[in-house]
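Consider the two complexes below, in which chain A is the common component and chain B and chain C are the respective partners.
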Partner chain A sequence: MPEGNWRKGIGGRELAELGAPISHCQMTDIVKLFAVAFCIQIILGALPAGAVDFTAAEQRKILRHGPWPPPAPPDPSNRVSGAPAAAAFGRVLFFDTRLSVSGAISCATCHRPETGWTDGLARSRGQRAVDRNALSLFNLRFNRWFGWDGAQDTLWAQNLRPLLDAREMGIGAAGAARLVRADRSLSCGYRRAFGAAPGADDERVFVDLGKALAAFLETLVTGRTPFDDFRDALARNDAAGQARYPAAAKRGLRLFVGRGNCAFCHFGPAFANGEFADAGVAHFAGSGRADPGRFGGIRKLRKSPYTLLGRFNDDPARTTAVKTRHVRLAHSNFGEFRVPGLRNAALTAPYMHAGSLKTLADVVRHYSTLDEERLHAGGERILRRLDLSAREQADLVAFLESLTEAEPRRDGGIDTEVPPCR
Partner chain B sequence: MFSRRRFLATSAAATLLPSAARAVGAPMPIFDAHIHFSHDAAERHSVEEAVAIFERAGLKRALVSSSGDAGTRALYAAAPDLVLPSLRPYRRRGEISRWVDDPSVIDFLEDRLKRFRWVAVGEFHLFAGQMEKAVARRMIELAREHNLLLHAHSDTGAVDGIFAQWPDARVLWAHAGFDGPDIVGPMLEKHPNLWTDLAFRSEHAHGGRVDDDWRSLFAAFPDRIMVGTDTFTPERWHYVVEHAGWTREWLRDLPPDLAEKIAWRNGEAMIRPHLAQLR
Partner chain C sequence: MARRRQRGPAFAAALALVLAAAGANACERPQDWTGGSKIAGKTWTVWWQSAPAAIPVGAHFSLRFRLCGPPVRQVKVRGWMPDHRHGMNYRPGVTLAGRSGTAAGLMFHMPGRWQLIFDIAGAAGREKLTAEMVLE
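Right after this comes the complex of A and B.
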């Protein structure tokens, strides 16, 4: 990004539309200061209503949301991360209903590829109803923590949770291991993924299923979006490229990185800071219960044998375990939930940990009319009631919708073909 | 169910026993200095449920204030030995940042002070730069007229301002001002009638271990610090028991006598001069 270019404060679309005398303004020397002021005045005076000119500070913030996709190294805690045979096996497992105690529920029951890898329900239903909304599976490989409460520190451990939870699939470690050993096709898939037949240690086989599922889910990375095209055009100072991004989305983007302060939590290329927040959403989980959110998640994490600190971490150096070793429990964790990424969010309604908000417009309205007294007044306050106008709310929605890839893959496929097991 | 009468009897007996003996039996009683039972919590939880939560948490006393005062009065009526009623200058949610500019708050306070008995005013949010506001000054005057403790969610400037207006005030500084021991210590040194609660603070202990700087603060001011949950949302009533357990965990890392003071004796001592207001 040519930081010294005076044009960085002016939207490329406006420059292109107005045919601004760019070359005349690309001079150096002290004269440039006067020329710049003159040029800006001409341009701004002639801007159409709704035009957006991003300041240098705004541009720096926008550029932090890319490039996309970011590098995606394999997970060192999972020895089959990135292995095509493991991903193929994981895909088979993902759609296999025999991994539930009733034989009727698969991972895909709540994470349907045709609905953005969610189920469209406020609170999901496996064997029984659960307290939370099914998170989308897009871009999981970039997470630090998994699940709404971050009770898991790896994608492979997250995949074990529904197999253990009686409300979801509930088959348990021994049941899952027995199934894989007994079924010829699954046994073949396991052998191809891990280089050996499933052994006698139920728990080891069970964890390996989580790792194969992780290898599959790692492949679910969203494609490029209109925002990415705009962001990259901004990075290379391509006015024509910037001009293709709709004005409403630009206005929404300005709110997102500016007054809305949304980018504080929805940070970086995945639009998520990887941590947890109290978004001022009620967190009762039914009569007489509250969902403890991250507080309960940390408690579970510490008790779990399936963490980066445990024996199932395939990385002897524990290179990614620092976060788990140092996580601290705080009173403020009660009622915090994971900040979800926003890519393809338009495909994954409803929203928030219990699906309490049906549309993106509802989400924006929630922050616009936020009840600040649901948030503790102490310490640094990140969230503020935004009091957005109707147009501003629509603009923010337009921006969020621009984070949707043009042709999302809905078939649950993976790119690498592996011969089927027979 | 561990009845309140039985709990109070147990607590009374506990005061007569050496700390080590009590550690084996009943859990350490807790004086929870920071409870709200605001209108939305009262809609969600019956008074009986709220009192049952206190009992499950092993609370000896709770200093209770509410946005919308009805919750405090109902709780006090149901459990007068357990609940210490504090008058909050907020009639509903949404007044935290506006009350100090709203003269009708004074009418509200004066009316409630005439009609009911209290031990404290607060928890209110008051910060440096607001101390000259008429509503704030009148509220402090009312506290003086009625011999009430002031429960202040304030920065150091506002705490200083309260004592400047009323040098004999007795102030419970909520959340230790969200400051560290380096600030809290000098404030406690400067103001002998200042106590502080650790509600919504976590940095003083981790995994049952007390931080060294906080440990020094506790040792330097063993009679001035207490604990509190802060039920600032209805959901947080489901955290009262958890909070009491957490508190007992880190208190075990302190000498028994000091732990007992922070757990409940300091709260009892602080509130004792104000209990006459309830008669």
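Right after this comes the complex of A and C.
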């Protein structure tokens, strides 16, 4: 019988409130049967003090957020996905400032390992300021779309975007290809990763750089968290394991899967449904300009040569292209932005697409006091002002913090060592 | 005579519709299928089956379907979350051959109550057949 039903059977009271279990076994008639069974549970240690009263429905919802990590098959559109030599080459490229037009900006300028693979700024700055916050690079391999607006349908295509954007690195396809061909070390890394020296086709070499970078970024999967330990303890009915999870986080978790409606969008093991939403934050990008978000992202996707439907997809069967074929452009996409995953979220402040909220507490407060008039939802009814109490807000923050690794890797490293190219 | 000539075809068409509707009501599971679900309407009945069999949350799935009833000109397939008042982020591609078809590229991107809607059109009119499900 699920734990929640047990507790309903005795009126839903916490075990700690019931006092000495033996006295509660001294009941009469119908209640006695339940009480005896309950005492057996206590004696067996299956329901210790501090266990939270999750209903069977809540438990099912909680279990959907794991197990972690999920299976991570290679990306069939990238022929070097999962290849250690490509990941090692990608790591070199990631930290190389020569891939920017000024020679001063690398990927790591805005995605710093020591700050959760982001830069801590509201709006990032490459060659010049951009309109959006630098997304963290954790768990990218589980994404369906990439970037705040989902303008890219693969991780390798996402890596090409800043190299082309004059505001970010801006080196361009020809400049990047020339660099790799001319530099002995980079040329060696390319050869090891792809099995041949970089060819004369600039665009082909350029796309391959994106694929090597993707092979590296695929390795940045977050580790297990206090929530995962709790979730797995719940799955195996391990009450002692469940009891180690802080009570505030449990209360926050109940809000998350229940009244908070958070899990509609922050669904599954990565705490993201892979899609886009209007979160009720302003989407002005500067004087007189609005950031169109997903609406603009789909339009860019359809014009891009670097998609799963294009010639750079290494999978002749196009097995992962169904999303790109069928994605729908709608007016309601205007002002929608990526639903970010929440793992290690405590490391990646500030939050939202333009970094408008500084802390997790600010994010929770935003949804608690949401101005529904600001939503451009076209009649959608997902977000509602939550009106959470101060304690409920603190509980939700405690839960979100429990999604963070105890000791996150900050070294930008990958486990497979490949001899350096000279 | 003229009136009779006009009534004859009209009567035959009405009879055909009645018979077709009766056929729709008697619609049996396709013999080559295992599993599947049926939605019966006034004019058409549809048998449908998803792949994978259990519709996932946040992952693409496809359908095959078979219709009973009068001839069909067009079938559209869509998803709708009535509680949230939104549909899918993807436009399914539907192929139709006679009364059989497939739909590819569907995704229910949130847990909750979803409606799977077959919007069927033909000479006999238009009808929406809806299956409702709750995904966790």
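Keep in mind that, in the parts below, the second predicted complex is superposed on the first by the 366 of 422 C-alpha atoms of A that agree within 3 Å, B and C clash if a C-alpha of one lies under 4 Å from a C-alpha of the other, contacts with A are read in each partner's own complex, and residues count from 1 in each chain.
As a convention for this text, contacts are C-beta pairs under 8 Å (C-beta built on N, C-alpha and C of every residue); 3 or more make two chains touch, one makes a residue touch a chain.
Owing to the predicted nature of the structure, the values given are computational and were not obtained by experimental measurement.
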*Determine, for the superposed arrangement built on chain A, whether chain B and chain C clash or fit.*
fit
*Can A:His283 be said to touch chain B (first), chain C (second), both, or neither?*
first
*Where does A:Asn273 make contact in the superposed view: on chain B (first), on chain C (second), on both, or on neither?*
second
_Touch test for A:Ala129: chain B only (first), chain C only (second), both, or neither?_
neither
*After lining up the shared chain so the two structures overlap, which partner does A:Arg328 touch, if you call chain B first and chain C second: first, second, both or neither?*
both
_For A:Ala182, using the defined touch cut-off, is the partner it touches chain B, chain C, both, or neither? Pick first, second, both or neither._
neither
*Treating the CA centre of chain A as the corner point, state the angle out to chain B and chain C, nearest 10°.*
50
*After superposition on chain A, the shortest CA separation from chain B to chain C (Å)*: 8
*Hey, what residues of chain A end up touching chain B and chain C alike?*
328, 332, 379
*Over in the complex, which chain B residues touch chain A? Could you list them?*
44, 67, 93-94, 96-97, 125, 153, 175, 178, 200-203, 206-207, 230, 232-239, 242-243, 246
_Quick check on the complex: what are the chain A residues that touch chain B?_
282-284, 289-292, 295, 328-332, 334-335, 371-374, 376-379
*Could you please specify the touching residues of chain C with respect to chain A in the complex?*
57-58, 60, 83-86, 88-93, 104-105, 107, 109-112, 136
*Inside the complex, what are the residues of chain A that reach chain C?*
60-61, 64, 263-265, 267-268, 273-276, 322-323, 325-328, 332, 379-382
